[in-house]
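One chain, chain A, links the two complexes that follow: it is found with chain B in the first and with chain C in the second.
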Partner chain A sequence: MDRQLNFLVAVNALVLLAAVAIAGTDFAGIYNLQSMAVQVPELGLLAIGVTLTMISGNGGIDLSGIAVANLAGIVAALTVPLWISADDSPMTYAFVFAAACLAVGLLCGLVNGFLVSRASLTPIIATLGTSLAYTGLSVVLTNGSGVRLGYIEPLDNFGHMPILGIPMCFAVFIVLAVIVGCVLRFSPFGMRLYMLGSNAKAARFAGFNQIRLLMVTYTLSSLFASVAGFIIAARISSVKWDYGTSYVLIAILITVMAGVRPSGGYGKITCVVLSAVALQMLSSMFNFLNISNFFRDFAWGLLLLIFLWVSGIDLRTLFALRPRAGS
Partner chain B sequence: MAILNKLALGALMLGTAFGTSSTFAADQTITTVVKLAGETWFTRMEQGVKEYGEKTEGVAATQVGPGKADAAQQERLIEDLIAKKVDAIAVVPFDPPMLEGVLKRAMDRGIKVMTHEANNLKNTMVDMEAFDNAAFGAHFNDQLAKCMGEKGTWTSFVGSLGSLTHVQWADASAANAEAKYPGMKLVSPKNESFNDANTAYNKTKELLKKYPDLKGIEGGSAVDPIGIGRAIEEAGLTGKICVYGIGMPKDTSRWLQSGAVTGISLWDPKDAGFVMNKIAKMLIDGQEFKDGMDLGVPGYTNMQLKQGPGKGIILTGQAWIDVNKDNLDKYDF
Partner chain C sequence: MSDFTWGNSTSEGAAWPKRIVAWLVRHPPAFTLILIVLVSVIVGAISPEFWQISNIFDMARASVVTGMFGLGFLMILAAGGIDMSFTAIAALVMYWITTAVAAYMPSMPMPLILLMAAAGGTLLGVCNGLLVHYLRAPALIVTIGTQYVIRGFLLTFIGTELFVNVPTSIESFGKYELWQVETDSGSIAVLPAYVLVLVVAAIVTWWILNRTLMGRAIFAIGGNSSIAERLGYDLRKVHVFIFAYAGLLAGVAGMLHVSSNRLANPFDLSGSELGVIAAVVLGGARITGGSGTVIGTILGVILVTLVNNVLILAGIPSSWQTFVVGCFIILAGTVFASRERT
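Let's turn to the complex of A and B:
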């Protein structure tokens, strides 16, 4: 039963074919493929974060992704230049920048995890709250204006330069996705997470350390968001608190279209990646054709509806938080 | 198989959704990228873009913009235009620094880049400003002074202290008053309306209480005159207090007609759209830009050329228009 996967592969192929047919062969040219690949990771990473939290069940979701990403980029952009000059040692600068982003992601994730696991707050409320708090912090730190990084070669290369034809940030995204996919599939952590999401009560009786599981899950989600923050900073060479405010809902859209069950217990990373790629191709195709961005929103909605129809998801599971056994 | 049938049907539906579009070939493609699609300001700008495309042989001029007010969406849009390899892009940046990287890549790929309202942007070839912000602020103040008889207390509004242009206007106004009109007294300058007519309304009510002898108010954000006008009307002070500000003719018409707002100034986005595309076309054709050049649109006939913060230049016009109740019906936006 892998309808999601089949559907997503078919959608990807169809969109690519349609785009080449309508927009011309330039669409499948190496430059555009790379350009699209560069745009996927930030949304893809946020979607992976949402996926992990959704799998954990009990209304699990992470709305704070882009807020964490922006805060990570901003903290790094403000602090790293104090220690290291980007002109003298650009490579060190880039690595310390990445480390600073990850550190912020770790902290934010621990806060999210604490609120959801120990304080037992509803995830949607907890992460909405932290999302506002992180955004607020970003505004305070920057007085609401953007921070320019200037041209820093290793960062810029990371954002765009292809190695063997594949842009570095996209390669990192794929590697991370593969690791998460394997962890979910083969490790005890993954097994426990799926079980927790399918049936929290049974998991509790089975003696899982629920608190630690949730803690790790939400921390991972924010860590991925902070990687997205690093990629954003590298790609556009500046950071700002309100960058990507539209990403929250798009990341959820990608996740749901990937067949991740909103009530928990099921979700495949392969599908999330394919879903993110499909949305990117669709969006780029519309831009190639000069089609209004409002129509794009419409098309995404349509795609989601078709998907729900094709994959035959039981719509009731979208609304029922009551855990049910996997079908 | 049932699934395959459904898939085929789904594909068909998607296919019809795409079927409506057509590709067209023109010699040169100029794409105007605005901050937000569907906003009154940019809908008006699109008229100018289209007009340029129709009037100019061999140019396909189109306007696009993100559906959401988000710098990320605008950046992605431009990323795709680079891949598509249009000949030139004319951008009204949502947030100029956020586009430095992508505009640099556009130029690296041989795409001509011109911008509007972004005189702090480094990676652009030409930035076009409708007017000099200091001159615009002084112009506000001169109008206000004339209305007030060059004496009395006055105050000013800004959208927020972070809005660079608003602060520039307010400061230039204050400097102008100090230099030219010794009888005018500025009180509590740069009130923040946070681009909200309701906040402007409440602040004005407070100001009227605090300064009963207030004779003049300058609005900074495009919605300020609406709030200020409402407060003045309710206080029964219509015609007794001079109000000038930036605003949109249609949105402000009610208060202009009643006299609660004396006048608004703005630049016409339609003309700006037209001129942006003209400059983009000149870049494609490799024409030279000169100080004092005439771009053939009123207000853009004597462009001041100045070096920008990067390699590009800044061209500044004198394209403000003053709207009051007498000429209001000329502007349908």
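Let's turn to the complex of A and C:
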């Protein structure tokens, strides 16, 4: 299945070339590359969460990603200043902030995982319900307005500062992606997850604990979302409940573009990262061209449909001998 | 098998609450009704103005658009699909038709306008149905895509401005009175006539689901699509039909939205799909398809409208709205999910 990988590399190269042709060589300059790299992690992390849940099959999907990210940022921004002063010890502040985000993500993920695995809710309904509940909680906590963090040096550095030319948050994203990729590929957890997604019945007879597997998968997904929440807070130094309303769509678009099978059982993290990068370049190209947000939504929707169509063709040729196997 | 469960239930005859819960799980609309009664009684006790006729009329008015959406969504859900694009369809249809009618034929009669809205919605719905069928991808993902395409198209190419010069025929349609009551305080409470559209839509939906071959096919496909296909049901026909029907109801709902608000805002209705999904799920329709009743959906719509409207009366800030609706989805999902295991 390396076709998907080649295809995505080609897409990346094409978008880069098109962008340079349209927007000029500034596009490939170090400054613009860095500013794009800063924006990839949040979407990429949400997409990795969606990918993990999609691989688990049986309609698995996580629609609550951005809600968890915003809630994590908001809870941290409201509670951490109560314990630690940002002026006195900015470094501790940043670490406790991150820990608070992760704690919220863990809690939200456990709730999602419980609903999907134990209460056997359909993933769509469970994560739709929790995404409303988490968003609602964010609204209640902030009364609907944004919370400003002010300038906190370590946080701001994390969001923007490049080390050896690579922005810190992008480096963290790549490290996390590599870890998830390795876990999926080499660990028993990954093998079981793919197995559950490709054939739930066979997985049941294999005798491993499916409830725990789903629990871990949804918890991981929310944990990644909360890391995204931390990065958002660090990058724009404020948090609001309605940040990134179209991120649910974009995260799904990234996973579909990456060739993750919506019915479960197949998906590669390398492809997800490449797909996120391609989308970010496209988005930056739109920025250079001064294209409105409304048209951008239009383009994202259209792209999603086109990639569903393209991946459908691939599947049919791959499974030409057994046309029913893919469905 | 049935013998076994029967014997089992008598031996546990003393376990009252268990049997009540089991009965409720088998009759989801009853569960919804109990929630409605509970909310009403509690809110009514806290603030007596809840029971005023004007408040009840207000809620009836507010539930029309959600109800139309809900009926279309029920049809798709019963066949095992899901639709995220109906609010975008409604927004596009209402804004485009309202501005076009105002610009070119301001004197066009309302029945013709409604017909145009229905046709426009149906057309978009057919596109949805064909895409879902031929892309062979989950309907959720396909319709999230079409939602953004439709809304992006509306806001990029049609317009983003609030439109207030609504043609008189649309405006006066929203003012027809079905029932007028003078309240104790001397003001007049009006139940608008367009609530009848919802009643008609509910009856038609009930008829299609329960009295036609299409209804059989919808439930069969919702139960197990590959078996239904082998039995000879035409999947494409059903997919196109359900999405077309949902599109039709969405188009009409969009027009009703304009005539009740007397303005067309292209940003309206966006995001309300979650409340609609909540309503239908609260009404007991299984998200994996194969079940669902019109009466349950209507009750679910009433419950969601109730929650959206009474929180303020009960002294709870409106910021809690989203949270409460989310919790209701989770609660209803959990209760009804236990049905699937039995």
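Please note the rule applied: the second predicted complex is superposed on the first by the 290 of 327 C-alpha atoms of A that agree within 3 Å, B and C clash if a C-alpha of one lies under 4 Å from a C-alpha of the other, contacts with A are read in each partner's own complex, and residues count from 1 in each chain.
As a working rule, a contact is a pair of C-beta atoms (placed from the backbone, for glycine too) under 8 Å apart; a residue touches a chain by one contact, two chains touch by 3 or more.
Bear in mind that the values here come from a model prediction, so they are computed numbers and not experimental data.
By the document's definition of touching, of the two partners only chain C reaches A:263; chain B does not. Look at A:143: by the touch rule set out above, it reaches both chain B and chain C. In the superposition on chain A, A:23 contacts chain B only, with no contact to chain C. Applying the stated contact rule after C-alpha superposition, one finds that A:131 touches chain C and leaves chain B untouched. Look at A:115: by the touch rule set out above, it reaches chain C but stays clear of chain B. Contacts of A:61 after superposition on the shared chain: chain C is touched, whereas chain B is not.
When both complexes are overlaid on chain A, the residue A:236 reaches chain B alone and has no touch with chain C. Of the two partner chains placed by the overlay, only chain B lies in contact with A:287; chain C stays clear of it.
In the superposition on chain A, contact of A:38 is made with chain B only, not with chain C.
In the superposition on chain A, the residues of chain A contacted by chain B and by chain C overlap at 143-144, 246, 292, 294, 296-297, 299, 302, 309.
Within the complex formed with chain B, the residues of chain A that make contact are 3, 6-7, 10, 14-15, 18, 22-24, 26, 29, 31-32, 35-36, 38-39, 143-146, 148, 151, 156, 159-160, 232, 235-238, 240, 242-247, 283-285, 287-294, 296-297, 299, 302-303, 306, 309-310. The residues of chain C lying in touch with chain A in their complex are 82, 131, 134-138, 140-142, 144-153, 155-156, 160, 226, 274, 277-278, 281, 287-288, 317, 319-330, 333-334, 337-338, 340-341. Per the touch definition, chain B reaches chain A in the complex via residues 3, 6-7, 10-11, 13-15, 17-18, 21, 23, 31, 37-38, 62, 64-73, 75-77, 79-85, 95, 97-102, 104-105, 162. Listing the residues of chain A that touch chain C in their complex gives 59, 61, 115, 119-122, 124-126, 128-137, 139-140, 143-144, 246, 248-249, 252-253, 256, 262-263, 292, 294-302, 304-305, 308-309, 311-312, 315, 326-327.
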